[in-house]
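Below, chain A partners chain B and then partners chain C, in two separate complexes.
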Partner chain A sequence: MEVLLQQIVNGLMLGGVYVMVAVAFTLVIGMLNFLNFTIPALFMVGAVMIWAVMQKGFGPGVDTFLNDTVGAQNKWIVGVVVALVVVSLLSLVIERFTYRYMKAKYGDATEHALPLVSSLGFLIIFEHFVIGRWGSDPLTMDSPFGNASFYVGTVQFSTPQTISLALSLAIVFSISLMLKKTKLGRALRSIAERPDTATLMGVDVNRIVPLVYVIAGLLCGIAGVLFAINYTTLDAYIGDKVATIAIAGMVLGGLGNVWGAVVGGLFVGLLEVLSIHWLGASIVKVPIWGMLLLILIIKPTGLFGHSAIGKGKF
Partner chain B sequence: MLLEVSGLDVRYGRNHAVKSMDLTIGEGEVVTVLGANGAGKSSLLKAIQGTVKPSGGRVRLGGRDVTGWSAPRRVRDGLVLVPEGRQIFVSLTVHENLQMGAYSRREPVEAEISDIYERFPNLAQRRDMPASVLSGGEQQMLAIGRALLAKPKLMMLDEPSLGLSPILVQQLFQLIDQLNRDGLAILLVEQNTFMALQSAHRAYVLELGETVLQGTPEQLAEEEKKLEAAYLGAS
Partner chain C sequence: MGGEIEGLLVILCLNTIYAYGIFLPAASGQLNLGAAGFITLGAYAAAWLNMSPDSEPGGLGLPMVLSIPSAVLFAAAVGFVISVPILRTRGVYMVLATFAFAEVVSGLVINLEFVGAAAGMPAEDHVDFTGLLIITICVVAFCYYLMSTRFGLAMRSVHDDESVATLFGVNVRATRVAAFTIGAAIVGLGGALYGHHFNYVEAQGFNVLLSIFILLYVLLGGTQTAWGPLVGAAFFTFIPETIRWLGRWVGGEFGKELIEYRLVAFGIIIVMMMVLRPEGVVTRTLLERVFTLRRRAAPAAAE
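On to the complex of A and B.
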């Protein structure tokens, strides 16, 4: 019983990472009707950036400089900042070549499979850039917080993991509040439903869409950073591994539904950890993808989706 | 002149939808553009609004050349289009649709939204419901209310009477007259020729992208008689 309880806690902690990636996917799908494969890439870049800052990835010169200026124990803060700045900039580049280019050329970026293909291109390029620079072996880093943890009864809670889970839920909650209550949120929802009519209201769609990319990119970047800090081992393909599971979580919750992505993300985290516990690590993808295929057959709109795949469902 | 369109061309590939159109609207005027399906009416409005890029010609708003301006910038300058088919946001509530109408404005608009609710009590009753619950007539009210909240100097309406019952069409044109009496200039695209000519000060008739007739409703009636006479004479 206690072992099971511990596994459930571990599963929810891992789920917190999937939640952010699933929400990133769902935002882009809900707004732009586009399964954006640069999301795993940005997750990986976020994780690799904080690793590189922490573990001399940018060379001994940079490392010495950081030790002298901010101090060894504060390097992780620099890592977080570098990771978030890099994913934001990359998000803007990606927007230009996926959404804006298609929109300018064909009038509507979302009715084509092309942005999906170009986003896949970005994913592969980013992965190979990282492999070219830092190799394909696992990259390990020392957690800046060590093994800090606390107990509730006999169940152990890792402090950084608990903070990460709380942070990811707080971020998703703020995004959902922003969508519901603010002028920007209304504009985003109106673009999700009818971008051309939103333009008639004076919404500058070409300015707001990059913002959606940056928000989604930051979600992935933060998730990547938290993953690196909490699990301390990563590689160039970590984005693929996490994102495929997060996609399963998103579909479970319902495409384009933010709270669905939260529930779905936590659920797949739980499912992963419990599957490893009961069935072993080698088979863990089978229950997750089996669950996904089952959902697609029984209820393709997911648990909370209220319409078929398409636009406008926040 | 509030709006001056000169030599406007709209092309979709090889399809020349609007051919060298000239059109003017003065302060406080109601001008109607009439024409059959595919005549190029919507294309004309979209080019004036800036959501379709004209292949030639100029658009002047309040004396300023706005041809190169984006559509949102034209909205901020008081040019507002109520699109064909109303196009309300069904995933937003009625109230949020009205708030979207005021998107381009910085000052508070709550008082103006209350005025809209007073004008359209049906909308007030459904304030917090998703706009998908509205009937066709209510949707048209919402679309017009939404456009009014942008504080237009010139409001363009694309076939607002489409799909409305005769009574609602009557009410719609009463509303148009009322808005105009309050000083709003209106560019009205219609296929309901009879009603449109009753409200309009001047009219243009489009055929396959070309202006074939223009003038006051009386002049148009005169021309029509001549045409009929010509047809009768020919037969």
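On to the complex of A and C.
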């Protein structure tokens, strides 16, 4: 029983990472009707950036400079800042090539599976850049917080993991509040509904779409950073592994639904940890992807999804 | 050098076969991101049927001429069975469903003891490069023929506009199921040939990235005509090799870096291609233009 409780806690902590990636996917699909495969890449970039700052990935010169100016204890803050800045800049570049340029040239950007293919191209670029620069072996880093943890009864809670889960739920909560209450949120929802009508109503689509990309990119970047701090081992393909499971969570919650993605993300985290606990690590793919396949066949809208989303040509 | 080129051509043959298997559903408007699943099915079925019963991990001991067709039928049967529920989904959902299918297949296979579980599975008989090349040419010819039949026309019409296709009496559902099933059979054939050429199959090699690359060959080659997948597969099998060759030719520090980052260049080419030729390299208008130019040139030469 205690072991099971501990596994449930571990599952929810892992789920916290999936939640943010799933919300990033669901925002882009909900607003722009496009399955964005740069999300795994940005997750990986976020994780690798904090690793590089922490473990001399940018060379010994940069490392000495950081030790002298901010001190070895505070390097992780620099890592977080670098990761988030890099991810935001990359999001803007990606927006240009997967959405803006295509829309200007071909009208409806989602018509020809263009954004999907371009985003796969970006995935290949980023992954192989990291492999070329830092190799394909697993990269390990020392957690800046060590093994800090506390106990509730006999169940162990890792302090950074608990903070991460709280942080991810807080971020998602503020995003959903922003969508509901602010003027920007209303503009975003109007684009999700019908971009052309939104333009007629005075919404500046060309300024708001990059914002969607940056928000989604930042969510992945934060998730990547938290993953690197909590699990300390990563490689160039870490984004594929995490983001594909997050996709399963997103579909479970329903495409385009932020709170659905939260429930789905936590659920797949639990499902993964408990499947490993009960059935072993080698079979873990079957329950997760079997569940996704069943949902897609029986109830493609997921738990709380809207039936109109994701039905475009591609 | 000869061996290196032959190795490259083997990869090209296999990539071409996979690409045609994904092209058929794509030509009727369905994105199949589950190529790795069908490759796994074909490769493991062929290997298991081919290995003798008293070998480790066991099998049926059929000769290659029987094991390959049976593997193809097996892949087609699975493709048919899952196409019915999967084709109820569309757009993003269909991409995800085929992707999930491939993951389930690979998750199951690495846990089945009788096909060697995680260690992989050997295949006894060997198909050499000549055999592979002949089968590849047959597959290309078959797909080209298929696209010129009424069925091919139906596939194209379903791709372009479903409601109009229905109005003209095309059975949209049957067309899609048929395209998906034939595609699954062809991808399975590719998997079976992979197993018999390398004499060893391992599910870990047939991963998400392979599915992604195959879909990219098709979409970048172009789904409008039957030439697209051939051009796409050839282009993208040779580009990384050309860059590697270029790097060796340039030499020095820059050449080494070029080789190391060649797949980054590959990704940049993909993104740029989408900007420049969103319908793929080979389109109907391109073929038309090439052929009318030739026709115009012919009378001019006669004068």
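In the analysis below, the second predicted complex is superposed on the first by the 307 of 314 C-alpha atoms of A that agree within 3 Å, B and C clash if a C-alpha of one lies under 4 Å from a C-alpha of the other, contacts with A are read in each partner's own complex, and residues count from 1 in each chain.
Operating definition for what follows: a residue touches a chain if its C-beta (ideal position, glycine included) is under 8 Å from a C-beta of that chain, and two chains touch if they have at least 3 such contacts.
Note that this is a predicted model, so its numbers are computed, not measured.
When the two complexes are overlaid on their common chain A, residue A:200 makes contact with chain B while staying clear of chain C. In the superposition on chain A, contact of A:210 is made with neither chain B nor chain C. In the superposition on chain A, A:113 makes contact with chain C only, not with chain B. Of the two partner chains placed by superposition, A:144 touches none, neither chain B nor chain C.
Put chain B and chain C next to each other and count what each touches on chain A; the higher total goes to C. Counting contacts by the rule stated earlier, residues 312-314 of chain A appear in both its interface with chain B and its interface with chain C.
Listed in rising order, the residues of chain B touching chain A in the complex are 49, 51, 70-72, 75-76, 80-81, 83, 87, 89-92, 96, 99-101, 103-104, 146, 150.
Of all the residues in chain A, the ones that touch chain C in their complex are 29, 33-35, 37, 97, 101-102, 105-106, 112-114, 116-118, 120-126, 128-129, 131-132, 240, 244, 247-248, 251, 255, 282-286, 288-290, 292-293, 296-297, 300, 310-314. Residue ranges on chain A touching chain B, taken from their complex, read 183, 186-187, 189-190, 192-194, 196-204, 312-314.
By the touch criterion stated above, chain C contacts chain A in their complex at residues 29, 31, 85-86, 88-93, 95-97, 99-101, 103-104, 106-108, 110-111, 117-118, 208-209, 212, 215-216, 219-220, 257, 260-261, 263-264, 266-271, 274-275, 278-279.
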